[in-house]
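There's a structure below that I have some questions on.
Labels A, B, C, D and E are assigned to the chains in the order they are written; within every chain, residues are numbered from 1.
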Amino acid sequence: MNFSYYPGCTLRNKAKELDAYARASAEALGFALQELTDWQCCGGVYPLGTDEIATKLASVRALAQARDNGQDLVTLCSACHHVLKRVNDDMRNNADIRTRANNYMMLDTPYAGETKVLHFLEVIRDVIGFEELKKKVVNPLTGRKIGAYYGCLLLRPGKVMAFDDPENPKLLEDFIRALGAEPVVYPYRNECCGGYISLKEPQMAENMCSNIHKNAAGFGAECLITACPLCRYNLNKAENNLPVYYFTELLAEALGVKEAALK
Amino acid sequence: MQELKARALELLKNGTVQRVLGWRIGENTYDPEPAFFDSEEAMKDFVYNNFCAANLSKYMIEACKLEGKTLVCLKPCDSYSFNQLLSEHRIDREKAYIIGVGCKGKLSIEKVSQAGVKGILSVTDTDPLQVTTLYGDTTVAYKDAMLSRCHVCKGKDHVVYDELIGESEDTVDADRFAEVAAIEAMSPEEKFAFFQAELSKCIRCNACRNVCPACSCRKCVFDSNKFDSTQKANVDSFEEKMFHIIRAFHVAGRCTDCGECSRVCPQGIPLHLFNRKFIKDINNLYGEYQAGADVEAKGPLTSFTTEDAEPSVVSQGGIR
Amino acid sequence: MQRIGVFVCHCGSNIAATVDVHKVVELARLEPGVVHAEDYQYMCSEAGQAKIGAAIKEHQLTGLVVCSCSPRMHEATFRKCAQKYGLNPYMVEIANIREHCSWIHKDMQEATEKAVILARAAIAKVNLNTPLQAGESRVTKRALVIGGGIAGIQTALDIADAGYEVDIVEKTPSIGGRMSQLDKTFPTLDCSACILTPKMVDAAGHEKIKIYTYSEVEKVSGFVGDFTVDIRKKARSVDADKCTGCGVCQEKCPSKKTLSEFNRGLGTRSAIYTPFAQAIPNVPVIDRDACIKFKTGKCGVCEKVCQAGAINYAQQDEIITEKYGAIVVATGFDTIKLDKYDEYAYSQSKDVITSLELERVMNAAGPTKGHLERLSDGKAPKEIVFIQCVGSRCSDDRGKPYCSKICCMYTAKHAMLIRDKYPDVNVTVFYIDVRTPGKNFDEFYRRAVEEYGVNYIKGQVGKVAPQPDGSLLVQGVDLLDNKQIKMKADMVVLATAIEPNQGVRNIATMLTASIDTNNFLTEAHPKLRPVESPTAGVFLSGVCQGPKDIPETVSQAGAAAVKVIGLLAKDKLTTNPCTAKADELLCNGCSNCAKVCPYGAITYETCLVNDHGIREERRIAKVNNALCQGCGACTVTCPSGAMDLQGFSNKQLLAEVDAICR
Amino acid sequence: MSVNEEFRPKIVAFCCNWCSYAGADLAGSSRLAYPADVKIIRVPCSCRVNPMFILRAFEKGADGVILCGCHPGDCHYSTGNYYARRRMTLLFSMLDFMGVENGRTRVEWVSAAEGVKFSTVMNDFVEKIRSLGENVRLGDLRCKN
Amino acid sequence: MSTQNKAKLVREISGTNPSKCMKCGKCSATCPSFDEMDIKPHQFVSYVQKGDIEALANSKSLWKCLSCFACVERCPRDVQPGRIIDAARQIVVRQRGGNYLTADEIPALLDEELPQQLLVSAYRRYKR
């Protein structure tokens, strides 16, 4: 089983381990991530303006390449996933954006949203299945109490992202359970970490992240997991914080490929 | 063909069916005709070759009135017409034994002529076609001799059948709506000139109406006095002027796009354009719809949604 | 050939000042079929009508054209006039030369020309008119009410009191409906059961009312005055004639873990159960999905303890077929599912409940015996937050676009009741608007604020977050203070939008009654015929037509009953003769006409047809004249022209077109 | 085509009995003028109008045909105008496809309360038809030469 | 640009219709940055309705929105205040000197762990 893979800029730098653990885990789970050739940065945030075309083109290029590969496109970073998924939705459903983007791109075959964009977690849920994942776990994380931190970008807007119930998601909890650990459900798991605000107003982001940590700890979480390098960065900056891991790290650990992954 | 013939004969002999509806061999390879066969003797003339283009489903209306079952040979596209007739209660499924026959695209002798071959004496239905002419032998590529409709084939699967005999092939190599789109792109003057030229050729022979599986009224409205008023003289040309628009309108949402109308028109008028324009509009405005694909489906003109487009879309740039 | 008389009205100067009436008379005389033409000051007056009568006699007229005001004004007058003088009323056509001509044109010549053309069109049409006879159909003097809530009960009682037989069909094991689940009612705060139960008893005891509970309508055929309905009486597994209602079976039943529908899933019930103590009939049913006997074959405790020997495991569903003259839909409502609104944490905390659930919590017969307590830990709440408009007024696909209408009032009621009984509990209501149109309604809401100290905050709640300590953190906004609020609450109550009951779509289809995009049944006219469905003989009662409270429901129930009584009081119904008719020689039997008929008036029959010597069986469309309302949708669907509309036939309309374009 | 001041078009308006015909009555009783070129034919419902009626009008020399019915959702027969809407959309599109000026056909929804709208619509339609001039093409689209 | 045109531009860029707003305040009830904002989310809508884009453009709120889409998700009328504020921000950063982030200030903001995406995201939102 092969997927086209869009790692995104941060996974090439500060979040190399998010990527490495994912690749090793994918292999252990029986699928391969084939990195797109010369992908470009998605821009980090989805350009909301209806007249912003140029800033969407990097995503369109990646999406079209996956289409030409005849593969679904897998992402890891929440932000990249958000951008690619929404641009794809525009290309599929917004005739104006589609026409204008294609006019810029001059592809051999115009792109019209044909590619299916899947987050790595969706691959596990919808393609592999949690039952199957459970079977592949060699080091169950028994006894660990883990809080899932979803953040905003995977979930909202629910109609476009269609990732999970945006107000009461379950995917990561099922994931944690499949790894043998105990998921800790806490209501702030879909509250914002502050996102890009932390660059210029770190205090705002810190306050928000503190609330998240406090809430998770209050319900008994011992650590948090996330899919997003920015969320992790912001969460780590808060005081009295719980340890924050990438979900792929725990996945690799449970699958017994953690050490090998970083070599 | 042999397998089909043998099977038909077997079903005829063992009494499963009372008659076979198929094609009778003509004088040449290229002119088989629809026919009923009710005995082993008659079956000698049974033929199925790549020139057997006629859609037999409409004959089932009469066949269903007869005693016993009729074996009918349906190509994939014919099976849509059959289903459409079924949904309109014009035929009885119980009275039909359907053999879905394979189709690799049907040939037309006119296309061979149009390919520049003159003085045809005989022709094969092979790929390529071997043609003997007054001026010697030549060949024509299969695709070049294929009916226009086969280039935009609906697909090689039968939507209804009792058994299948023979392979079908995908023959699509053109966009079904390209011709319609080309006309839509014309100016009103060009459109008008185009249709005036085409419709001027019509001799009102009614061949299109007679062959059309959707035009199956017991009595055509153009033959009855239902829309006349007492003042109207018989010589009035209204019917002739508007015949084709109304005919297309009456089959709108019911036409399976089988293309028989254009195939049989002795004047070569591209009559399917009317039907296909309606189909294109219906698909655009009311969602993809293929008549005959589903017997239970509600037709686009016998259903609606509250959010349907207003007729003003036509004057606001048209339906494209 | 017709012998047509043309009568041109001056309408005082209304017509004659702009239209040269003499010219119209003069030119009309030249039209084919016209044997007489005259003009007069006021054709509709007695003298004018007498002139028409005299002309009919003198010229042996077979058709009339009256050039006058709109047919919507006086067509009926002139038809009656024709009938009086021995002419079929449908041999009259009106040329509207007032509203459509003299009143909108100034130039005499122009207006006269147009009047002549309009007259010509009417003459051309009359030439093709045929006498039509209004038909008659019989009326079965019995009504069916679908739904046994307060709407259905009230309608049934009113019909029965007028002396007509009426049957109630109720899906659940007891009548009573939503109102039986309520604790108190606004704006009087009287106990719901205290005012509902007597009505239930009245209905059950009424000699003209028959109640089918645990039953559903399965099939409807026929038309106004003459419906035939199949009712499925589901197997109760208890013989109603033997059961004494002692309740021992319910007490002893070992399967007690089924969630109680009546308590909105907040408590449990036994497998053999009556939904509530005052249920009518007081005969339990066995829930076969929950019953151990039905699931495993072992048990049979209820049978053993029943002294009356009423338990009957072998009982089968029964189909009852009955005839009715009128049908009332009173299927009521339910609250919407909240799975798309989990920002309010309904699925995450037991202490977030709907208002209907709160009714059960407040009710002495409810899961908490009427004590206000948290369902998670049974503790008494100190801080309660109400959230309005949950799922109402939403234009996205999560909720409903309409206002549910009752929430503002019942929330004020709940707030008031809580503050009254538990003065130490703080109550906060987040609202968008408080809507209280109704007698004593706004006063009621103001009392909640002024006398009971309920804290109303204009603004919505964004998120309810359950906290580790078991409380709920409510994050909302106060728009008047322009402040975000974060407050801890012990309970949150959601004023959940209401929607028509699930089964209503199916019932509407059976009745060919139309339904809107929100599944509410459509009324015949939103203002002037609010309790009638567009389908003749079908009437609407209660929330199935649109959100309403109890007083409105009861008044609508009475109005529907009056309409039913008005119908049942007639022995015969006159039918509109301008109906569709199929020419059997032309009909293809294709069913396309039936597909577009909004009244289900077209059916198909296999008939032996003699088509010019060919005798064969054909599938032919038959129009039921009692159902057909004469819209003509079928006529255009029919490609062969077999289907035509009497009074507006293809030929008649074409003749008008020809006359106008001549 | 030059606009002919003297040109008096023939215009047929099919109006449903329950809404648009009543709307026309209201226009009349409110004395809201529109050109006498418009002649109204009363039909029970917009769904009664057969495409053949419209073509017949054109054949007999009409320069424009307009169909008026109740607003969608308000049909007296509850669904008639929805069918009419689909039928007319397709018919008009076909006429346009054949090169007939698409301004010659129109559908408008006019309620019994919209006398003003009725008058405005008719004024506008007549103006449009006058600008298009005489209807040559539909009379000319013959099958025999 | 005239006030009217700016309001029109905001509608166009945001692709939303402020007239659909029923003033329920759910956006403001939801917003995690509410306390930092001078003009509150529910007011974005009425400012556009009134055509007062100037005030919106000069507000602090422009730079406090996190694009977390919670208001977009929960708005019962599909007004999407998050898109409206972004459109106002776009109008500002597209003007000369409208950038909220300049290249000179970046070095001081960096730290060891800071992920690339934070920089690119902030660039996109704050800068032309």
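Basically, a contact is a pair of C-beta atoms (placed from the backbone, for glycine too) under 8 Å apart; a residue touches a chain by one contact, two chains touch by 3 or more.
Predicted model, so just to flag it, every value in this text is computed and none were measured.
Common neighbours of chain B and chain D, by the contact definition above: C. Identification of common neighbours of chain A and chain D yields C. The most central chain, judged by C-alpha centres against the centre of all protein C-alpha atoms, is C. Set against the Cα centre of chain A, the chain with the most distant centre is D.
Two chain pairs, C-D and C-E, are weighed by contacting C-beta pairs, with C-D ahead. Note: the chain lying farthest from chain B is E, by mean C-alpha position. With centres taken as mean Cα positions, chain E sits 24 Å from chain A. Chain D and chain E, compared by their mean Cα positions, are separated by 49 Å.
With centres defined as mean CA coordinates, chain E is found 59 Å away from chain B. With centres defined as mean CA coordinates, chain B is found 53 Å away from chain A.
Contact with two or more other chains is made by residues 227, 301-302, 306 of chain B.
Among the residues of chain D, those in touch with two or more other chains are 51-52, 56, 79, 83, 87.
Residue positions of chain E touching 2 or more other chains: 70. Contact between chains, using the touch rule, shows up for A-C, A-E, B-C, B-D, C-D, C-E. For chain C in complex with chain D, the residues that touch the partner chain are 70-73, 96, 98-101, 103-107, 110-111, 113-114, 117-118, 121, 514, 522, 534, 578, 596, 598, 629-633, 635-637, 645, 648, 650, 653-654, 656-658, 660-662.
Taken together, the chain A residues at the contact with chain C in this complex read 165, 167-168, 185, 187-188, 215, 218-220.
Within the complex, the chain B residues that touch chain C are 65, 88-90, 216-221, 224, 226-232, 250-251, 298-299, 301-303, 306.
Taken in their complex, chain E has these residues touching chain C: 20, 22-31, 34-35, 40, 42, 70, 74-78.
The touching residues of chain D, counted against chain C in their complex, run 10, 12, 17, 21-22, 24-25, 27-29, 31-34, 36, 39-45, 47-53, 56-57, 60-62, 76-80, 83, 87, 119.
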